[in-house]
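To start, I am sharing the structure in question, which I have written as structure tokens.
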Amino acid sequence: MVTKITKGCVIYNSPTSLGNKTGGWRTMKPVVDEEKCKKCNICWQFCPDSSIEPADRKANKAIKINYDYCKGCGICAAECPFKAITMVMEEK
Amino acid sequence: MSRKIVKGAEAMAIAGKLAKPDVVPAFPITPSTTFPEKMSEYVACGELPNTEFVPVESEHSAMSAAIAASATGARTCTATSSQGLALMHEMLFIAAGMRLPIVLFDANRALSAPLNIWGDQQDSISERDAGWIHFYGENAQEGLDLMLMAFRVAEDKRVLLPTMVGIDGFVLTHTSEPVDVPEQKAVDDFLPQYKAEHCYLDPERPTTVGAFAPPEYYMETRYQLDEAVHSSGPVIDEVFADFEKRFGRKYSKIEYYGDRDAEVVFVAIGSLCGTLKDWIDEHRAKGQKVGLVRIIVYRPFPFKELKAALANAKIVAVVDRSISLGYGGPVFSELAAAFVNDAKRPLFKSFIIGLGGRDIKLNDFENIYNAASADLKAGKVNEKMHWVNINKEML
Amino acid sequence: MADLLAPGHRGCAGCPASICVRQVLDAAGPNTICTNATGCLEVMTTPYPETAWKVPWAHSAFENSAAMASGIEAAYKALNRRNGTNKKPNIIAFAGDGGTFDIGLQALSGALERGHRMLFVCYDNEAYMNTGIQRCSSSPIGAWTTTSPEGSCSSGKTQRKKPIAMIAAAHDIPYVATACISYPQDLKAKVKKALSFDGPSFLHVFAPCPTGWRFPSEKTIAMGKLAVETGVFVLYEMTDAEPMKPIVTVKPKEFRPVEEYLQAQGRFAHLFKPKRDEVTLKRIQEDVDRKLKWVGLKP
Amino acid sequence: MYEVRFHGRGGQGAVTAAEILAVAAFSEGKYTQSFPVFGVERRGAPVAAFLRMDDKAIRARYQIYEPDAVIVLDPSLISVVDVSAGVKSDGVIIINTTKHPSDFNFDSKKVVTVDATGIALKNKLGSATNPIVNSTILGAYAKVMEIMGKKGKTGINALLDAVRYKSPAKKEENVAATKEAYETAKV
Amino acid sequence: MSRKIVKGAEAMAIAGKLAKPDVVPAFPITPSTTFPEKMSEYVACGELPNTEFVPVESEHSAMSAAIAASATGARTCTATSSQGLALMHEMLFIAAGMRLPIVLFDANRALSAPLNIWGDQQDSISERDAGWIHFYGENAQEGLDLMLMAFRVAEDKRVLLPTMVGIDGFVLTHTSEPVDVPEQKAVDDFLPQYKAEHCYLDPERPTTVGAFAPPEYYMETRYQLDEAVHSSGPVIDEVFADFEKRFGRKYSKIEYYGDRDAEVVFVAIGSLCGTLKDWIDEHRAKGQKVGLVRIIVYRPFPFKELKAALANAKIVAVVDRSISLGYGGPVFSELAAAFVNDAKRPLFKSFIIGLGGRDIKLNDFENIYNAASADLKAGKVNEKMHWVNINKEML
Amino acid sequence: MADLLAPGHRGCAGCPASICVRQVLDAAGPNTICTNATGCLEVMTTPYPETAWKVPWAHSAFENSAAMASGIEAAYKALNRRNGTNKKPNIIAFAGDGGTFDIGLQALSGALERGHRMLFVCYDNEAYMNTGIQRCSSSPIGAWTTTSPEGSCSSGKTQRKKPIAMIAAAHDIPYVATACISYPQDLKAKVKKALSFDGPSFLHVFAPCPTGWRFPSEKTIAMGKLAVETGVFVLYEMTDAEPMKPIVTVKPKEFRPVEEYLQAQGRFAHLFKPKRDEVTLKRIQEDVDRKLKWVGLKP
Amino acid sequence: MYEVRFHGRGGQGAVTAAEILAVAAFSEGKYTQSFPVFGVERRGAPVAAFLRMDDKAIRARYQIYEPDAVIVLDPSLISVVDVSAGVKSDGVIIINTTKHPSDFNFDSKKVVTVDATGIALKNKLGSATNPIVNSTILGAYAKVMEIMGKKGKTGINALLDAVRYKSPAKKEENVAATKEAYETAKV
Amino acid sequence: MVTKITKGCVIYNSPTSLGNKTGGWRTMKPVVDEEKCKKCNICWQFCPDSSIEPADRKANKAIKINYDYCKGCGICAAECPFKAITMVMEEK
């Protein structure tokens, strides 16, 4: 699909970045241990790529990582106080 | 309509007031300062109850704030001159690229160095690449009228381009003369409120404004922008016509004065044309033929109109009040180039006049005319560029 | 917990700028308009036709995030009067340290003086990252950057970090604070407080950048904590009730040695290898002590 | 076309004087154009202003080099500036002074004098060190034009209206002073 | 002389180092940043023991500090690009007006909006009025050589003008290729220390630098400046010749490539000429005639040389990598205007190419050639301006 | 007693800018190079081919007096090394308040941070005088200027005066002081002190302007004294030994009422006529009190 | 003219790889030109670089659309980027992978594999998460050119010198790794 | 005499402002009473127009006003602590 240039390059239907699947950048991959996850959402606060779906304590739902975009920076794993996330080599 | 004696710069401010702008970010600089002064006075006195005057700390910020205000959906205008316009340079290109209908009054003034606060057109002519529409008035009345029309043109959905209106510094800005001031009501009818449809900043309908464009897109954005400038031409004609209908004063992209079948035709911009018209009248009284093409709309460059107007000319004396240093007259080069492929075309001769407030006198035109006539007689132009009224003893 | 910055942006893995924006917008909520100076944040989030911003966002140049915010605020004032509305979106100007300490300072200072209702957020990664890690007046003493390289005649940046929050506070504006992306609660509380004033406020956010500072991407948050725990960066706030009197909001019980912080980053490596640069290390320590004294954390 | 040059000092109101006269002429149906010598002069420095009046629209944009009339607001300028420069042979020079026209000799050009300072002070326009004479002296102008029947003529009533219109304060004092100058000018 | 593989921007920095400048005030901007980076590295490593690198806070200050340093008597250079050059706009005119021999490397890049960091020549071409000498290189080697020569020309007592050297952003600045690096000793001989005689700041002989000029003087200062730019031409020739003698590489204000008697001749600036030369070779191999005039010195505008070079052309395809929005190609207009009074002259056709990093391919020249040839055949130019390689679907 | 500014310049009668320069140069002596931002001082002293400056002097634009000074200082450093000399002229950057508080702030801030050896002198006449008395961020609350006019919707300038000396001091530079042309001994001592540092210093000189403030020309000096005696302008200095701790150098025994100062100037006339503007007068008083508190002269 | 395209990730050194090869070719008397895909990509994002080699000076300034060879520094890119795009029919694709050439099928274009990551790590070039393979993989390139006798040929010794010259640190480790790749490449 | 434009408008033989006799601006004129003058030079410090020749206490020389340039601002008269200067109307 060809993008039509808008007047002044205004972008209307934001966000439009979702087509850019940055998951492909990953070399290491965060894996969540749902058991260990205490749903504190600390990792969520720190993810630079909005790639963590926050946990829901009430629903007892652990966080979920959106691998379409997660770049594998490792921050979530490093910052989880409960070591609920581990970085593993990306399958190639 | 009321008739008032006002200085040119005040006439511009009156136009600014009549347009009821939402936001006026401005920074003072001679000889445009009357504009921000008057606008802040109108606000202080309650004559512009909705307007925000933003006393910015520099012209770069003036244009930046104007861009943001316009991008938010506000009718926005400002004024500047010379170093101020030069400091806006970066932001002028940006305003155009973002297609924001900002209106700017430029009090045409020389550029440093050496610093000089007086009139010439270097400041705005050196912004001819930037993607703005350029209007130039010959007197205060035209300044006021063009300023009003600038809003209409700029905000037209088919245009959406920033527009600058230049009148010569001091010679117009600081000269008092009678001016017809339109009624507010008539202006309101002529110039309805600006409703931003292409660019706005509103949490209820989020947009991203000012994204960067990679090579896959950039060139098309320039093409589109260039097209927009060129195709504002018919809209300008339309607005001029509507203005005439409502206010009785006729405008066109270029004005032809003098004999239609003159062999020697001047081309010039701005206030010097007034003096030149006097000279032409004197000259015609002697039975000689001479013409003047005055450029009012310089961007979009009025190719068609200029070609038509100069169809009978034998030699064109282009009188530039600015210079592209190391080349020559900017209007000269653009105009002459437009004719280069024509088999039948006049000779073109380039003159530089009135830089930095050098007074432009009747006699100067006599000299230009004589030089051009001599060339015409000789059948060729014998000199690249002629500086009018230079004191060679100083050199 | 709506994320107002979408994924798919092109920041480096571990980018602090996006973390900063996420936290700020989380506190500010969707009724917000952002401006952005040219820099990493702008370039990574808005390559036409892609944008990661879910709130209205505007950029035009590097120098003028504050001037842009001024224009928007003025426009809302005028349009509210014109249309009889009373819309009051938060107006947040983002800029990197370059767009704040250096080329954006004048526009910032002007906006602060004029008193526009806006929050200016500087995400400070202590160099011009977007153009490849050049010196900024925000860069600390001794830091290598590509324009303050180390060499036989140089130990990295010579000058101290410009005290930007103090400079902002010296403008005598309603609210000035420092924050760090590693302390989101503190940061968000400050954003909310800032937005509650009917005038300008300034937030200086420490944003450790793995690419520019040369540390692994997972350490972004840890590095911010280390800065605070070593006293390299102090979290405080100031209101105009008590001008220039910083109130520290996160007080480490005890300061860890500054060298822990320095050694964790490649940009300071030349201070330790091939041999310790005692002169510069001493200057750095003195600088930290001086700042701690300034905020009242050291006598 | 009738052209007038005004001499004064920065801050003294030479430009305003030109504008008042322009308003008067305009109200009588003339086209006018008035402008200062464009300079960067500060308060106290000698300055000049110009006025053109004509029955048709004025398009000329150059300075006035050969005025029909010259109005000197401050007598001390005479020793500093060549106030009579370029004045047409049938021109007139109007000077604010207590002296008599015959005390001056400008190449035998006509001289008119009026004690505008005295009149202004009497009417509480300005202070002893800073009398405001710009409207006052125009009374003398109106008188001489009337007497000489010049193209630059402006009726005294139109002038008084213009003075009133252009005076931000002390309207009637200004009008009275102008009238007095009109009456006492030594032509 | 040593041969090295370096990026174009580094080649410029090497030239900067060889010139041993006293003061280098600079601010980073892609794609020129390598220059300040390398210069600060040379200083940090003791390779430039006398040089002061001033890490200014903006480009406006970069040029301001450069002006002051040069006015003090220091050899001064800087580098920038795009928005950076635009922010210097005001100060560029001032540097020229003050006659200060500052050398500036411009990494040619597009201007915002939309922001675009890639190559075109809008930034420096839009400074064509400012009174600077303009050099443009085709490759890294030329960039380096021209940069060295820029110092010699700028500082020549007969010239004393700021000089900018442009090479195309990325396509040259970020491309590594072999470059001959002159020996320091040879450069020292070619380029002796700068001794300021016209402008200095020294308490022992006080001067006033940067006074303002009232209308009685200003126009003569512009005349003098314009003269200075024009008359730097012969000095440039002289310096080029001396450079060739010492370093073996020949330069001239314009380069002619291809068939001398070609009917279709291209005129262009910068790196695209490399590709174009390849295309010309291919084309000639097919037995067809075609020529290229590459402009290396754009200011002073090389009237004489261009006239001579295009004497045999039947149609000139002017390929602009910038645009005067609402008019057309800047090089086109200036070039065409120079021919307008000539009875015998080629047709001129205007093309816009490669804006914002749009890749310029062999095929583009094929298209240009075909369009120009068709016009030539038709005997007239059928279109004002042609945009090369535009994706119309995006519009 | 060599006058380093010659007569024949075109300042208004009673001009404070020239008084400021004369005093500064008297303290600095002839081994001095000056830069000057566009403004009254520049325009009145250097219409080509006339100059009133007896020391080397350079001007190029309005924004850049500090950047110019940076360039000169750098040039001297380099040329000294190149030529084996050790010339160290004083480098003094002059600018009006517009060229300091507003359009020149960024260049100033940059120069302060880089640490150039130079003295920046702002002669503050509280508006853009050269262009005809427009508002500056230096203009005080309530002041009429041509862009902060009084009227039914306005009482003159709304905002406070930007605290420029505090902003300079927040840069943590060797020396910052305020001075006033009415106290030449104090001013000259500060110039000398400033020039003794091997780094940047900033001097904020109060310069009452008869033309712009609307008072008779013989009152220029009296007006400065009145400002100090009413507490409207405080004379102090700060060194980086104690950052942001002003040491008052001229302490009036007792403060005279602020209204004495206001009533002496036409620019405040609208606060008293046609009727007293109590709201603005109160704001002005509060502002004075606030500043006095800031410098420790009021509790 | 021989044209090579490199695929890697931002920060991985694709540009450096192109430059090393350029230095090697240059030292053997070839003209070269190397350049990245000019972008604003950040660390981690897929990037590409180009190299032209020729016997005469290279003037062309456009991107490479039809490379003779492609070098893939990071195997994970294959699923993200079309690494074989435009490769000439007699071209070759060199991939850093533990897999065998036969595991790939790019329109039946020639594939060469080498475990550059393994070799690099063995030689202590980078870390497990961030191995530095830019010099290493060039060993495989040298080998395949040698075997295939291509125009893009670069002698292994020239290459090793170039690796040494362009390695800011760990010069010998780099050289060793390159050599190992040269020896172990699966052609 | 015609001024030759110097390159870049540099002014060399500074000061060159002395040709501009600003004494002509005066409406009031300061007159010194040499008797009263205590040679304190306070007036000198404040003169905006460098138009006061300083007093010399040793030589018992009072200040002298340079009427070529004095604009008559009145500052000297206002600031002289000893009322040694009086402003009088300029003779016309």
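By written order: A, B, C, D, E, F, G and H. Residues from 1 in each chain.
Keep this in mind: contacts are C-beta pairs under 8 Å (C-beta built on N, C-alpha and C of every residue); 3 or more make two chains touch, one makes a residue touch a chain.
Source: prediction; values computed, not measured.
K.L.:
Out of curiosity, which chains are bumping into both chain B and chain F?
P.N.:
C, D, E, H
K.L.:
Tally the contacting C-beta pairs at the E-H interface and at the C-E interface, and name the larger one.
P.N.:
Looking at E-H and C-E side by side, C-E shows more C-beta contacts.
K.L.:
Which chain lies the greatest distance away from chain H when centres are computed from Cα atoms alone?
P.N.:
G
K.L.:
Where the centre means the average of the CA atoms, what chain is farthest from chain C?
P.N.:
Most remote chain from chain C, centroid-wise, comes out as D.
K.L.:
Need the CA-centroid distance for the pair chain A / chain G, whole Å please.
P.N.:
Centre separation, chain A to chain G: 32 Å.
K.L.:
Quick one: report the Å distance separating chain B from chain C, using the average Cα coordinate of each chain.
P.N.:
42
K.L.:
Once you find the CA centre of chain F and the CA centre of chain G, what distance in Å lies between them?
P.N.:
63
K.L.:
Roughly how many whole angstrom separate the Cα centroids of chain B and chain H?
P.N.:
Centre-to-centre distance between chain B and chain H: 47 Å.
K.L.:
Among the residues of chain A, which are close enough to touch at least two other chains?
P.N.:
3, 5, 8-9, 11, 14, 22, 25-26, 71
K.L.:
Give me the residue numbers in chain D that touch at least two other chains, ranges are fine.
P.N.:
Each of 38, 40, 44-45, 129 in chain D touches at least two other chains.
K.L.:
I need the residues of chain B touching at least two other chains; which ones are they?
P.N.:
Residue numbers touching two or more other chains: 49, 55, 57-58, 60, 83, 87, 90, 94, 97-98, 112-115, 117-118, 206-215, 217, 220-221, 224, 357, 359, 391, 394-395.
K.L.:
With touch defined as at the start, can you tell me which chain C residues reach chain A in the complex?
P.N.:
These residues of chain C touch chain A: 1, 3, 5-19, 22-23, 26, 45-46, 48-54, 57, 181, 184, 210, 216-222.
K.L.:
Sort out for me which residues of chain A touch chain B in the complex.
P.N.:
Spelled out, the residues of chain A in touch with chain B are 3, 5-12, 14.
K.L.:
So in the complex, the part of chain C that touches chain E is made up of which residues?
P.N.:
Chain C reaches chain E through residues 38, 42, 48, 59-63, 101-103, 105, 128, 130-132, 134-135, 137, 146-154.
K.L.:
Going by the contact rule set out above, which residues of chain C touch chain F in the complex?
P.N.:
101-103, 105-106, 109-110, 113-115, 137, 158-160, 162-163, 166-167, 169-172, 243-244, 290, 294
K.L.:
Which residues, counting only chain D, touch chain B once they are in their complex?
P.N.:
18-19, 22-23, 26, 31-36, 38, 40, 58-63
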